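Listed next: structures, encoded as structure tokens.
Here chain A shows up in two complexes: once beside chain B, once beside chain C.
Presenting the complex of A and B:
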């Protein structure tokens, strides 16, 4: 097990290296750079812009050097734990920006995960047990609905409808859980529900199909023949074995939940990693974007590793070598 | 047409549930075989009636701001009239802010958008615009109480309010603001080594004197009619020397303004609290401001902002207002809101790349563009406002300085036959008529910018141009293309608050810092210089007209109809006076009737 983990951790190095190369050079292919973005904002707001100013900003940001030099400088600093300063918020480090954003995204991710599992597991199990009954159809409606309606539509509807019908809106502007737990939960429940609903759909379908397969397995029939109650058969024998495939899905989705919720974060004005990444792209804040992508890649790899390790708990036949 | 959730309500929900049931049960069958009701055709864009609120656009005549000013006495502590019998104190003004605040350095015009909204809360300026409408541009004292000008218009003397003091934050600790502070700061921004950007606005100053604590004297290089308006420009605040010396920069905001910065939560909120040490007195005899706190919500989506307005959580939106198409539906659905409908602060324009031939010297070709653009079609299909005034090189909102509508109508007339003839007489043909039409701002789907982008190319093609539309994905990309000269025809915006002199100098002078297309005409430069040196008001108006007439006759710029700005505002917001500085320059007088 220990050697397996070490090997997986070592494999992270080339993965992250390739990610860093891709994000660094892909962003530089995109038209416009951080200087254009800053000049564009200044000019749009009425500020005067001259070629001299442009050259000066470019030099200040270190963007006047060849791209490969910029890359090696950045990688060299990153290896020492220095992701640099944001190109937009020049007085702030990339890590300080991430440190503010991560708890927001993490809270959404955890709440969305809880909501999705609260929908997916019971409905998925019941749907399999009572196949082709009304509860199965209801589960499939929820599942198809969640899959076919994008989360930004759900988010828009759940923020607009209460405003129209009841004149209600969740608190605007991020409130930390530690400052005001009540307001924080009210604020996060809707975006988490919007994401959780969509996420539950795929998990629900996976749980249902896995359960259907397991319920027809010989050992389940044997368990029933032994006279075990349905509850014991389903919870202790069937569900645990049926969870391996959904666990893979849940594991890989955690990375998505932390970094891929930018639309919902934007709609609900929550300053999470997704919105930080989106802003970084808009403003061509290369340093911030590279830092964010590196962070998210690391999260993905680590979560995948943890997911793989949990298989052994669900199915003791699985061994790592 | 905008999506109406209320109407959608029951029918939409039933339809969606039915569709999901069918999908979940594996039904659906061949969609082509379903007899379904015919789809209603989306209505084509037509001329929509003007909004119900009255637009008094062209009727407004600005007061006389550019006349050589007479010494005035404007005690800044004079209580201002209020709309109600009693002014209420307290409450939080919550506003959306679309861009995050990237710097508190008000001496820096770069990355300006966030500061633009926040600056008036924290700092004061020598004088400020005090108009009841955006279209006015009268200047009143802010830190100054009165001023005078010498006979040849080169020496301006301002008396400062002795009550003015810095916020009670170290290292200023609430000490009085003096003429020496202004002298130091203005010299700081004028020093090219400091790369301030503010210096360009007040570049006519040669020397500054501070004979005593409450008197500041500006000696100009030459008579300059727009000096007072330059000082009123919302960027020209006064920042303290000690702040720079103590912190090495201006990122810790300390000013003389009515609000003290509380905190900035990146990507979330900016909060300012009432300055308990503020030096201006309100209508109730106590220190201003009336509001306890101002809170900007950063980066909320437009859907959230609309929901915030519906529920009363957001007080109003600014700047920019709402897209007219969105605003009309929103007006119908939200009678609880007040609407401010006024001129836009800027005019959309079409221009050519003056750095290259044939655009640089072929007037016929440029004029062909002007004749090909049908302003009525823009009214009908872009801004949906039949009565919208024509814009000139400065907007129609500039009162008597704007060219009369009759004259604009003649100069900007649409005549496709003439446009075609001008293309032929220009001697340009073949591949030279293949043009890249580069927009400076991104046109998101359904936006007004996108509508301009849909309407203008067919007009130019009808005249004989072969147009490739380049609508940028971001302003950065658009500005990059314009600055890089990668275009033949461009489209963007012109505007400079109420500062006509800097407007002319900045956009239309060969040395202007916003002369993006590279216009260079010595005759025009001389006309602008002459305008700057003209102190007589009537003569100034005449010369402003001459400049604009010349720009249009040479077809350097083709102003497009801009239409009105639609701004929803909660009824509980009182005494909010919109000015060129987005209304916030008088924020201390705003109160909330909650």
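Presenting the complex of A and C:
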């Protein structure tokens, strides 16, 4: 296991290197760079736009140096936790903006995950046990249907229906969990449910097919032959092994969860990383955008690594292949 | 599907005016036997056909132009006849454009974006995957790191960045090149990975060695001996990818950075319908249902094709 972990950690380095290269050079292609944005602000403030001013801003931002030097300076700082300054807000850093947004997105993602598992595991297991029964067909219809409805549609419907039926809208304006847990949960339940509902269809499919496979395994037949009750066989023997595949799915689908937070944060006006990223696009704050994208992809790579390690822990065959 | 192919081959031998009719007849027969074996696959093919007809013949189907603004007709109810126009089957939207026409034209944008982006993404993915599997060694190692790097971005985030970086420059029938390329780039690593895996196993076959012994060039082996054996995997991928591509286009449009706001994209329509949902629910439901049905069609088609072509996965 130790060797496997080391190998995986080493493989992560080239991946993160390519990610940082892509992020950095993609941002350099953007039509109109950070200097234009600042010059625009200066012009709006009533100042004259002179070539001297432009050169001054360029030097301040370090944009007068060659691209590869800029890249190494940026990566060097990023490794020390410094992602640069926000271009939109003079006295804030990229990280200070991100730090307040992360808990919001994290809470949505975790709650969405819990909701999706609460739907997917029971339905997936029942669907596999009673294969080709009405509950199996129902679960399969829900799962194929769920895959076909984009999450922004689910989120839109989930916010407008309570408004029509009961005249109830989730409270706007973000409340932190630590200030008022009740109000916070009320506010987060709908956005999380929107992602969770959609996400459960993928998970349900996976739980079902992996449960079906396990139920046909020899050791399950042995357990039944020993005279164990159906319940014990399913809970103690089958379910445990059937959960391995869905665990990896959660890892690979973290990208889907991140995409989901972008959408619900927009619809429900929650100040998370997704909102921050979309705002940075509309405000042309490329420092912020660059920092956010680097942060999100690093999280993505890390979560995938952790999932792979968990998978290898459960299934020793992976480690030795 | 095999039936379709044999029928098509038979038709090839027919001569003269009968050939096109026989071809269509053959396709219908193939479709019928496919639907009998896979009812869900038949339904999906029908849905896709309806949407394709809507997309291609949009100008003939819709009574009014989707861009014409009828003044004084904003939020008109279904059946309204505007001054200088024809009956609005689904009424009009906020600025007085025929909503039915916009929903039908929405199929056009979704289909163009879906099909072109998947085509580009698959073509690049197949090229990378094939080269990676065939040459192995350093080329494989390098290409796989690039694939890893692209896959390290959450899909929507990568799409956002590419759309922003490229800017909306070139527009074709309402579909924007930056959106198409952004979606294609997301699909490339996914396709490359699947193609590489499949091609690796095909490469081990003795006929590949035989071709090599006969002096076939690398390109010839890849194109004539490996590629035909992975087409099934690629087509299955393509069907599911189109569903995903339609979702991404609509999501980008919904977030306000995809298809131009004046264009009738389903994502744009749903975003616009939110504020007036209580009074005008049809503005939300019609595009939402049209879009979900289209995506469902491609997802079901992918599943049915997988069942037919890959018996190992049957029933899972």
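The rule is short, and it goes like this: the second predicted complex is superposed on the first by the 261 of 321 C-alpha atoms of A that agree within 3 Å, B and C clash if a C-alpha of one lies under 4 Å from a C-alpha of the other, contacts with A are read in each partner's own complex, and residues count from 1 in each chain.
Convention: a contact is a pair of C-beta atoms (placed from the backbone, for glycine too) under 8 Å apart; a residue touches a chain by one contact, two chains touch by 3 or more.
Everything numeric here is computed off the predicted structure, so don't read it as measured data.
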Contacts of A:258 with chain B and chain C, given as first, second, both or neither: second
First, second, both or neither for A:71, with chain B first and chain C second: neither
Partner chain(s) touched by A:314 [first = chain B, second = chain C, both, neither]: neither
Which superposed partner A:4 touches (first chain B, second chain C, both, neither): neither
Partner chain in contact with A:177 - chain B first, chain C second, else both or neither: neither
First, second, both or neither for A:156, with chain B first and chain C second: both
Touched partner set for A:145, first chain B, second chain C, both or neither: both
First, second, both or neither for A:164, with chain B first and chain C second: both
Chain B and chain C footprints on chain A, overlapping residues: 31, 144-145, 148, 156-157, 159-160, 163-164, 266-267, 282
Complex interface listing, chain A residues touching chain B: 31-33, 36-51, 53-54, 56-57, 88-89, 91-92, 97, 100-101, 137, 140-141, 143-145, 148, 156-157, 159-161, 163-164, 167-169, 172-174, 266-271, 275-276, 279, 282-284
Residues of chain B defined as touching chain A within the complex: 5-6, 16-17, 20-21, 23-25, 94, 99-100, 102, 109-113, 116, 195, 197, 200, 235, 249, 251, 265-269, 295, 297-301, 303-304, 306-308, 310-314, 333, 441, 473-480, 483, 495-497, 506, 513-514, 516
Residue numbers on chain C that touch chain A, as the complex places them: 145-146, 148-150, 152-157, 160-162, 164-167, 243, 247, 250-251, 254-257, 267, 270, 274, 277-278, 284, 288, 291-293, 295-296, 299-300, 303, 315-316
Contact footprint of chain C on chain A as seen in their complex: 14-16, 18-19, 21-23, 26-27, 29-31, 144-145, 147-153, 156-157, 159-160, 163-164, 209, 212-213, 254-256, 258-259, 262-263, 266-267, 277-278, 281-282, 289, 293, 296-297, 300-301
